[in-house]
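Heads up, the next two complexes both have chain A, just with different partners, chain B and then chain C.
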Partner chain A sequence: MKAPAFDYVRPQSLGEAMALLAKSSGEARLLAGGQSLLALMNLRIAAPALLIDIARLPELAAAVDGVDRVILGAGITHAMIEDTRVPDPSRGLMPRAAASLAYRAIRNRGTIGGSLALADPAAEWPAVFAALDGEITVASPRGRRSLNCAGFSTGIYETQLAEDEILENVRIPKLSPGARWGYVKLARKSGEFANALAVAVADPARRFCRIVLGAANGPPIVLAAASQVLAEGRSDPDRLRGAVAADLDRAADRHFDDFQRHLNIVAAARALQQVTA
Partner chain B sequence: MPNEAWGIGASLLRREDERHLHGRGEFVPDIKLPGTREVAFVRSPHAHARIRGINVPSDAARRVFTAADLPRIKPIRVETQAPGTKAPLWPPLATDKVRYVGDAIAACLAPTRAEAEDLAALVSVDYEVLDAVVAAPRDMRGSRHPVHDGWGDNLFSERVFESGDIDAAAGAADITIQREYRMNRQSGAPLEGRAVLAYRDWRLDEIVVYASTQTPHTLRVALGEFLGLDLRRLRVVAPDVGGGFGPKARLYPEEIVLAALALELDHPIRWVEDRTEHLLTAAHTRDHHYKITAYADREGRILGLDAEIIVDAGAYGLWPQGPYQEAAMAARNLPGPYAITNYRCRASTVATNKAPLGPYRGVGRPGACFAIERTIDEVARALGRDPVDVRELNMVRPEQMPFTTVGGMRFDNGDYPQSVRLCAQLLDLPELRTRQRQGESDGRLIGTGFASFAEQTAHGAAEFVARGAAIVPGFESCTARILPDGSLVLMVGIQSHGQGLETALAQIAHHELGIDPVRIAVRHGDTESTAFGFGTFASRSMVMSGGAVARASRLLRDKLCQIGAHLLQCEVTAVRCADGVVQGPQGSVTIAEIAKIAHLRMDGLPPGVDPLLDATATYEPGIGTGVFSYATHGAVVAVDAETGSVELLDYAVAEDCGTMVNPMIVEGQIRGGVVQGIGTALYEEIPYDDHGQPLAGTLADYLLPGAAELPAIKIGHLHTPAIATEYGMKGMGEGGAVAPPAAIANAVRDALAAIGAEVNETPITPRRVVAAIKKARERSPQVRP
Partner chain C sequence: MTAIRLTINGTQIADDVPARLSLADYLREPRNLTGTHLGCEHGVCGACTILVDGEPVRSCLTLAVACDGCQVRTIEGFGSDPVMTALREAFHRRHGLQCGFCTPAMLITAHDLIRRGRAASETEIRLGLAGNICRCTGYTNIVAAIAEAAVAAAKGPPDAE
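Entry: the complex of A and B
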């Protein structure tokens, strides 16, 4: 299938992009890497009247290595993270996640901002940045605001972004030298979307421990009980599985079938194992 | 003598690869004709519905065509002489009813495909939605709304095959093994989908149809029949074709509609199938259900096989062979390469509200192989014997050849048990068994599985007549023409779309004439330049077209010798043609010199010899029932019992396809087939929901194996030349795809042996593996590996 007709514009600055978006009264979509949006348009699931191409905006390409955090522009591609061409605050977690994401051709074009803004429930970045306690900066003609990555997505393909807002960057705290992480993606073959995705981060020096479940029939789930087990530094697998099960019981609205529930528990347990091993 | 680097047995690099590696191939979508309009089809979103009305925008006349606008088109009609079969008419554009999601209703024309889709979206159809027939075993005897009105049931055909005394076998058996198997529906998924470009050539008074097809000549026959046109007014060209695998060996509604439009319009029209259309409407494949009861003695010798096969064939039968051959082939091949003497099988072909089922690499046999080879392993397990030994015990032995199986297949020759031994060697089975006992450091479970089969190839008239086929593809043709400069053109009726036949056929002509392969052109795929032939399918082209090339080359060789002897002033019996020359006792004359005389200087010809070096020959193998390649495949898997994921650690093929013309191409064919078989085994599936909605409409849902999922495939060859073919060739194009589902399922079974779990359904997905393990543990909760 081929996309219906649309207009296309490539603004030169973030300000210009915001103005165009504000003017479009909901008829426009932002185009970054286009690895999901163009496919959705070709399938005629999405039919925006105007594409605003923000892929080359210099403001979105910035990568800042701060004292205690790294700021990555929304236009940074998966491949740039995979190849560590931008600072890595995560001591290897983000490059590992990037390498597991789709195929190299997609990683060359797809962006972290696009992934977060689309909020595909099976995507990697929403879960990874939630596990790292990242924050998202969004910009509009009304100003800027900061949102937690955990909670940024509000549903399947739904986020807290307002119609006139552009996702500008992600701010990710740096893990301490002693921090450990676990990343488990269960997929039917390499490059496919996850059937289960678990990201665990333990950074005792910053008193931060979190296990997040992606591919969760909705936004990523921060597993509170399991994160507590992780914080206690325990590696008792049965106790962890019990905690994950309890967390999943609290997420009944996700309607996991038996197999998905089973895989979620396995993924979370294995991610924890990687942290504590 | 032919040059050993170029002739039969040489791994000559494929001549067609150069243009493809440089992106200079020419596929239908590469052909640019001025004024071409693109076509998008309005397709049914419902699996089963009556059409109450079709509303076309008032300004869209001559841009939207429904069945009513193209009265010349006759419904597709499949003929069969097989008894007790039903053959529904299929209007290429739906008239009163749609019978599957994707059924074509109207063709919409615009300068671009996107605009054509815009136009298609403006056509509205008023549907009365009916219950969809989705579950073949449940609905075969009848349903609330049968697929075809007036049938009463949903059966295309039902046949019982019986040979020997199954009840006696049951009575004599020490053990009885019963299993149900399921090979789910999948797509052919060639790299290039279907494509058609058609226009009217007023000068030649013909319709030219470019199509991505495996069978240009029979496509022309079909277009002539269903459009009521003299064949002299139809030219079909298959240019470069990006893979076929069977689905492109059938007639499709879109081809008829495009050709009909070419008659109506004064500009070319083109339709290029996209991946969603391919997954929804190009021939689907597999979709078999099996119930098997095997009776065996305590040694593991199978005394009898009682089977039920149900094939879910979709809404229509594809022309020319209809929907019947899947079940029939499965029934005849179910006894496998084994000397089983008592057999009973009921094989049913069921109409459902799904896309029509068609041939795909292996046709019927991957399912049959899956069922018998899984069963062989269960017999071995029940007796505590090694499946390798039980295979060998039951196999037809070399000294029994030729051997007619209880399924009616006449094996010609070969050492089948040796393929099992060679395959076990390639995998280093004893080493694997040791590793298996030791266990893996990552906790995964290792398993090894084998599957054997004999593959009927290059079957001729006898086979197709026995099937009741209306069209009997029993021969192939070749016109060999030496041009005035001594270069050679081979014009053949087959179509090469990845098989390397442009190379391999030149090797055969080189073998016969000694002409350098770079001076040989192979033309195929164009009804204008080639004599009638059936095309490329059924593992037939190397044997059949190769045989025709050999014969035509020899006709030319005889004439070259006749002229050469005259020029050398000796008897024709004193010369021979080799290395591009005719050699006599006292000298030689080159083929180029003879060619010049035959065309430009006829005064040099011997008296009574006509000018031109041009010969057309046909060829049918000496046995009409086919020559049989055979192989044993072996797989080593690691199963993660927690996640259900299966990784292939190793894969080996031990095969015998007789004389190999080009071993490199043979091995490429084997590897390609194995990868497709791995797709069947682990990844590929088009599920339908209860309403007949297909659930895999893009490659995000339809998984194909990729390089990362594949082990290096080991290949070992045995060499038993066929007796009844030129040079001892046997066909081998499909075999690679036949055994992987069975071998991999047996390996998974082996890995899960301690748990007692088995997966008897393809693809073997993590979900199915986990479910099987859960079921086994619930049955015997004390077993925990």
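Entry: the complex of A and C
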């Protein structure tokens, strides 16, 4: 189908975009890569009155390679990360995740900020940036604030973003040289949305170990017991599976059928094995 | 209506478009470039894949109005491009199409895979083609054609040898 009618504006600066969004009283949507939003509009699931095109804003294209972290503007595309055209703080985890995300034609336009702001439960970046302990900067006419990637999404397609806020950048700590990671996406077809997604990061030098489950019928789940197993450096597969199962039992607000539960445990166990192998 | 200026297959164009018009519909209707096909219109089938600023994109998930200042290349715009020539010949020789609906976007995606050096093995080609759906061929001949074209493109045109 075709999108319903809307107005379109392309501001020249982040300040102008914030002003347009603030005065739209909830009738506008921000257009970045549009790879989800325009699909939802073509399907007539979304029908904003105004699109504010932020895809070309220079403020959202910046990539800063700092001492202990990398700052990536929200407008950076999946393909730029896949091709390492921007600095990679994750020692290969982010390019690996980017390459598994949809298809090249989608990755050429879709952005990290758009993925995080949409908060599709099956999306890759919310889980990856949560596993890397990233922080998100959001900007509005009221000022800026910083939010942890873990917890940024509050529900299916729901985030902590206020109506007048624009996701400006993601700040990702650099992994130490000895850090290891695991990334497992289970999907019936390459490029499809994940049926199960697990991201594990072990960085002993920074005393940081975390395993996150995506595609979890809601926001990514930080698996506390499994992260503890990861921190202990154990690779006993039964113990890993038991810890993941215990974490899933604690996530009482999620409802997984037996098949989904099995996929989640398999994905998490495989990600942990990649780290400890 | 919003005024846009863009380059389509090397020709500069100034036009007025409604905001809701997709790049695919803009190319197909006012521009009459009907080699760009529309299947699903939500980014899954890949039939509308074209190049914007040299990179493959879904023209069904791209607004014409957002392409102001961009370079657009459709299947009609490849002329005697050597990689596309090799692909056309290989698709013909290996019978890489049946109904032809997916073919223009298959060619554009294959062109990008070869350009980026991502057509070195059958596995790599199949991964790269995952976003282009064909309902006729079962892909075997398409993959074979792309593998053949990648080899031919690496060798260069016969008269250069």
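Here are a few things to note about the model shown:
Just so it is clear, the second predicted complex is superposed on the first by the 277 of 277 C-alpha atoms of A that agree within 3 Å, B and C clash if a C-alpha of one lies under 4 Å from a C-alpha of the other, contacts with A are read in each partner's own complex, and residues count from 1 in each chain.
Heads up, the rule we're going with is that a contact is a pair of C-beta atoms (placed from the backbone, for glycine too) under 8 Å apart; a residue touches a chain by one contact, two chains touch by 3 or more.
Keep in mind that this is a model prediction, so the values were computed, not measured.
Legend: residue contacts after superposition of the two complexes on their common chain; A:L21 is shown touching neither chain B nor chain C. Shared-chain residue A:A127: touches no atom of chain B or chain C. Legend: residue contacts after superposition of the two complexes on their common chain; A:A3 is shown touching both chain B and chain C. More residues of chain A are in touch with C than with the other of chain B and chain C.
Of the two partner chains placed by superposition, only chain C is touched by A:L38; chain B is not. By the touch criterion defined above, A:I136 reaches neither chain B nor chain C.
Residue contacts after overlaying the shared chain place A:H262 against chain B, while chain C stays out of touching range. When the two structures are aligned on the shared chain, A:R109 is found in touch with chain C, with no touch to chain B. When both complexes are overlaid on chain A, the residue A:S190 reaches chain B and chain C alike.
Common to the chain B-facing and chain C-facing surfaces of chain A are residues 1-5, 43, 189-191. Per the touch definition, chain C reaches chain A in the complex via residues 2, 18-20, 22, 25, 41-43, 46, 49, 55-58, 60-63, 65-66, 68, 109, 112, 127-128, 130-132. Within the complex formed with chain A, the residues of chain B that make contact are 112-114, 117-118, 121, 274, 276, 642-643, 645, 683, 698, 700, 703, 705-706, 708-709, 765-767, 770-771. Residues of chain A that touch chain B in their complex: 1-5, 43-44, 186, 188-193, 195, 259, 262-263, 266. Partner chain C is touched in their complex by these residues of chain A: 1-8, 10, 31, 34-35, 38-39, 42-43, 51, 53, 55, 79, 102-106, 108-109, 189-191.
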